[in-house]
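A single structure is presented below for examination.
For clarity, chains are labelled A, B, C and D in written order, and residue numbers in each chain start from 1.
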């Protein structure tokens, strides 16, 4: 069946030429990101449990983790959590299949605890966090979707959105958080995992406002704290300048009041310990960013099943499509993909697959259209590849 | 102090001229909307309690309600909830102020139950829903923000986004859900409150795909169900045609399989009774819509305190600004507002207030810019008006 | 099959001749009693639901309600609950039987809320209490116990204990709480339902120490409070003197410090609103009393299923046996019954049914033994009568 | 002030001469015992935290742990928990004292997890159990009780009960469970910690009915299971015969149906994994036993604060008194102690301290009375020794 693919020439000021650009990334230790990460870790663990016990992935959606902030008493050189963070894993899962019982909640609990242990490395799971779990059973009529050889049908009428390529600011914002955690934190353990990077580009001036919960027990005193902030700012600015020739300013924890001794100190490296609740789908889109100047979907990607949940698959797919179009099709400045499903129809047959392309000036749009369509069509023909990549953990969801 | 207001001429294909437009609205009984509504009802009740007990609104954020779906056994002419929906109200609230104890959790509980009783009218609160509550105390240093005569300072570095005017499709999608509930449901009680409207415009063809959980006890049998669907479709199409001259098709519950007797029947009028969890900030933006072709913010608006929480105030404010610009400034086809705060700075002094304007062809942009700036500046001067409107319940948040 | 009934002549100082006697009753509004009452109300509602849907009572045990105290700010003429009481209904229930789904948790929730509304009459369920519910499913092999025509088999190796008649002090302690609630509270609404009566008899001196949570909004001021206490003390003393010729002293709320204004005032009439948690099986035995000078069982009676749960049936049965022995067998001063079950054996065939009898002096014990055995044997032959009485609500469990 | 100590000569058939004697012990892995153990572990950890942070023990009561059973799929050589056990720690604790914040809930969580790890050794805390926590704050007027040099005053009008010496059956029942865990389990890891021993003595015939949840992954198959049962029975019978010359029969897991393959197998060694809920104060009294033929108190001992909570102190104290009387006073066959407090009075001044003594025949009761009084008076003079022993963990509470 021919797919309904619509490629439009979008007349729009390209992002790099707009005066104001805003980009945000919530780091892995931000309460919303913790929720996302838990939801996805639980879904992935369930996928593997289902495959191992039943040979196929069964129906589940665990995209609703709720984190209720605790209370803490952070101190230089120490500090302690006063009231543990409360985490409620929420969702649906198939718990029985052809006579086999699947320990969905035990698997979820274990996966969640592993995830926190490996990711929020400064948290002491024995006293800083309660992990609770309420997984209902899925509605039975959805179950058989999963047990077929053909392309699954969409679970909902919903859409996914993606774009490429990243602008300079997008690259910088994304990369800053990633490198602070994967590189600089190894050298400076006082850097917490709850890093929020807010990037503003005003013409050719980029300012990066970074909010980072520092880990008290790795920081001796205020002067040590200040020196870490300086080191972070320099590190991030240097990093940014590899991606841009614009002016870059980096500010760390601007709300600090050094004189009053009021700084952003934590025990566990995340503000979830003290007043910041978190939940799934409130933070980064599946490309890792929040970009109000770009098309976005409200659908949470994390925690949904990767078989037939459009809210997950079409967000991931449209992002992959956009990236491949930019790679494969010459003269595409910018491409936005929107995929709209129709409940009950095969997921390789969206109601519409829409591409908005901003081509380079003077390009023959007909050829751009044809090649773009081709990339989209190829991906739709191979839509279940997204499922496989998710299960293997090859695609980030936030 | 002069405000940093940037008005740009946006070169962009206006929305009505784009080939593909997608607009979605989750109705008031959708699980995500219930969560939004509860969060906002709790915040409003707390505002009033604080004012009544302490004379001022005190720090709180109750923007994290989690709804865990139940299980139900819907039937024509009856049906029952098997496992109650579990609702967890989450957030922070000031519980003590100058020696006065504020019954934050009791107020929250009572407000939440009232909200459900009045809004999700087919739910029996005595057996269909559990309302639980975990409100932490706010961090003390935030508290004094609220007790001052001057403009509050921003609680975070964050942004809000708004646009105007609504496109035809936006008007139609928004209006359909509203009228089905406020008008047609009075005549046809079998219409549930969980109505999701997905609008797709492909050139001049508008299709409205509506998903509505029908209320079994008000529907006699399958033929009655079918006749209600037909009546709804006609009603919505007629409504739409008042806003457009394009072709309109309305589809209701397309996943129904009449022959198998598998239709979207519920006991309570919401899918939260059976498998659909919900949480705050995952559904409609504060203008009531999800619009992937428009700038959007990820910040939840519902449940945040209306004093200093940028995630609420700047979303509401930018939407009001955009609407007033369209009213007050001639020749504006479309305007997008983005407001970026800086933590610790007065909320009437955003780091940047950015307007993207698509003017009518051939207009003098200098004059548009000046008038647009003026509307923005006025609103910023009167930013606390947003707070008042929220407390009085004059602004919708989802 | 002959039953193993052992009737012994117990040589023991009769209770009325012992120097010191201690008897306690926790009133219906005591947190432990609320837990008991909820557990039993839920079980009874489930019994009726099972009978109505399936024709037989199915497996369940709901004997573990946990009440987590709230916080309150009681005042003369008003007051309010600050933090709601949290109540968790816990247990097991059959949720599916021969294709019929039973809404166990919805039934439990509804029954619990009804019970509180009718019993803890000064509580505002909309804001003073959260009712939550976690009912697991029962183990399947227990289920078929319930679906047979013959006598059910014991669910456990366990025992029940009962005695009769009540001593003077036992009558007085029991009657005081009952009459205060059923009679005097009608006249004096300021009397709360949380009444604990501690009776001490030291020789011929009886002192009744009563602790009663008064309801602030029905009491004008301290002098009103004092006058209520006086009226209660007189009322109870008068009541007691109808049962005894001993000296009676009644003390109400002895921990009050009138001068400091520190008295036992509440908003809801129960200390569960402020600091006193409660759970099932921690208060009164099924005869309504705590009697350290009498044999007692640790088994909670409330909330257990009345079909095969020995912890319930044998406690109720032994109490009924003891009462009937006293009525039917002449010259019995005192009788204690202990029934020990054996898991998997029919409940009319206890491993041992032991009666300790204190006969009047000079009585022929052989005849007492024979008549006592006969009463016991009769009751065992009609053991399922206990089940019927429980379902009809004819037997108190605390 | 002279203490009100009443020593009576009790005329009663001594326990060893009664025809029927019933004694029960719930082992450390029984759900009720797990609840008791958690409650006490949490209280002890809080005591130590308070002492370390504030120099004194502050007000708390954590005597209300609720265990909600999970679901499991036990197998020989393996098995797994399907749904984790849910454990809710409940109580009150002082969270702030003279400006110092005490991390009561974090301490409780950590202590609870440590306790389970060390005691329920076959449980995998990462996936088999959820530990949740709801600790309210104590009422402030109780707090100052704890901060004084003089004897604390009673928190309630309540009583404690104790007796000594243990009968033969009591020794046997208590010792069986203890030795199975501390000795035989080392050799046979398939023995679970959830061991319930029900002892019945009918004249000179003792039968011990033992219910033990075996640990599947340490047991190869049914014949291995059977051989373990045989080894346990022989072990217990041998043990018993060291304490008695009566006939002893030991039965293990009598409800097993070997032919159907239905035996008492578990994954974690406790029935909490599958259908048996548990809560504090429902199992063993503080002497480790349930003895319906002896005076008992309903007051839970575990988890209460050891400073002023009569429900704990007087139960422990009366048991210590009874044991010392038996040791120190010649010719006492049996002694029962009951201590009744009066709220607000110093705990070394009970309203009455009552001893029921069964002396050897022909003894001069006057001298027994005097010596008994003396032991009681001494203990009351040193009542805070109980507090110290509790904090050091020298007294068992269940």
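Note that in this section contacts are C-beta pairs under 8 Å (C-beta built on N, C-alpha and C of every residue); 3 or more make two chains touch, one makes a residue touch a chain.
Bear in mind the structure is a predicted one, so any value in this text is a computation, not a measurement.
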item: If a chain touches chain A and chain C alike, it appears here; value: B, D
item: Rounded Å distance, chain A centre to chain D centre (Cα mean); value: 50
item: Distance from the mean Cα position of chain D to that of chain B, given in whole angstrom; value: 55
item: Where chain C and chain D are represented by their mean Cα positions, the distance between them in whole Å; value: 23
item: Junction residues of chain A, two or more chains touched; value: 83, 86
item: Pairwise chain contacts under the document criterion; value: A-B, A-D, B-C, C-D
item: Chain B - residues contacting chain C, complex; value: 73, 80-84, 86, 95, 101-107, 109-110, 113-114, 126-128, 130-133
item: Chain D residues within the chain C interface of the complex; value: 6, 8, 10-13, 18-20, 22, 24, 61, 63-64, 66, 68-71, 83, 86, 88, 90-92, 134, 136-139, 141, 157-159, 161, 196, 198, 200, 202, 209, 211, 254-255, 262, 274-275, 277-283, 285, 290, 292-293, 295-298, 300, 338, 340, 342-344, 351-352, 354, 356
